[in-house]
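We just call them A, B, C and D in the order they show up, numbering each chain from 1.
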């Protein structure tokens, strides 16, 4: 299982901050597509961080157990 | 009589902050030359303010009674 | 690494304490401080009353550590500090405090602008703009 | 016109009070503060212990008023404040405080750099650098 983390507008859409996902044969792009469909995130510009590093939203990097995948809405600091 | 004002390194050289000078037929350049000679200000880069506005050190502007002539060393604020 | 995130607004007293701590560093000739203050923007006739900030803190700390390292390589700085608020910050309150110090004034300007811009762009912070009527929208940095 | 000159060092408390006063101005989104701190320079093996500042105050106030007017025409600022110390300021103490505020961050950087440079260049302030052995030299801005 990998950990999914949600922030800001995305956490609002998923209605939770964190959940787990089975990652057997799942890559980043698959995972994002899955969540996009499940939570209807189309309205939000999503960035993806894999273990705290930004990756392309359509990245083919395979996910593994203990990975932390964060879905991040636009940044608003400063 | 006009008022002479000295600041910083110049006041140190003249050993006073203010004095009066008779300005009959005296222009800025004359006045500066006079003071330069009297106080030996050659070592100091002097700016001249006439009634609080910078003027050229060799300006031919005639001085009149009640003028305020300030001899200013290099600025050091900030 | 010290903590960058502050629960609630950054107070003027916190800023003055930071300044006071630098008065023993006698090689410093110039400080530049940037402060972000929550603005009462009016959007479609509704006025912003506060911004509620959240962060992906673990990632934000890593990103800020990289920013810090690069800043010290790029600019001739003596010190650099960044603080950002989390939680609800009302309009008029300060949510962002960037503090750079250097030997000479000319070193601090570009560093300040660079750092403010990179923090806005690269640090995973999120802002919920809460209007006076308690509705909200999500802030997006340009 | 309010007084720009402060007898003695500019304290961190004075700075925090200035910041606090701006928290009611809810159209402000960005502040930029420049502070000049007296540096313990070593010149020919002698260390600076303090700078004694004097000013041609009447002229300085007129020059600063012109600078202020031009700054508001040139930059999109909400507020601008300048303070400079007079008298003996020890190393590590603050002698110069420039504070600009604007709606957006991008307005403040150029204004800060411009204002610091023009104050250094145009305002009749004089500085006697006093060394630890009580000898002195006169400071000259480059």
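Going forward, a contact is a pair of C-beta atoms (placed from the backbone, for glycine too) under 8 Å apart; a residue touches a chain by one contact, two chains touch by 3 or more.
Quick caveat: nothing in here was measured; it's all calculated off a predicted structure.
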{"item": "Minimum number of chain-to-chain touching steps separating chain A from chain D", "value": "2"}
{"item": "Distance between the centres, which are taken as Cα means, of chain C and chain A, whole angstrom", "value": "26"}
{"item": "Between chain A and chain B, centroid-to-centroid distance (C-alpha), Å", "value": "73"}
{"item": "Length of the line joining the C-alpha centres of chain C and chain D, rounded to whole Å", "value": "23"}
{"item": "Residues of chain A touching at least two other chains", "value": "78"}
{"item": "Per-residue overlap in chain C, given as positions that touch at least 2 other chains", "value": "36, 105, 116, 120"}
{"item": "Chain-to-chain touches, reported pairwise for every pair that qualifies", "value": "A-C, B-D, C-D"}
{"item": "Touching residues on chain C, where the partner in the complex is chain A", "value": "36, 51, 53-56, 58-59, 62, 84, 96, 116, 119-128, 138-141"}
{"item": "Of chain B, residues touching chain D in the complex", "value": "5, 7-9, 12, 45, 49, 52, 70, 72-78"}
{"item": "Parts of chain D lying in touch with chain C, wherever the complex brings them together", "value": "12-13, 15-17, 19-20, 22-40, 91-94, 101, 103, 105, 108-109, 112-113, 116, 120"}
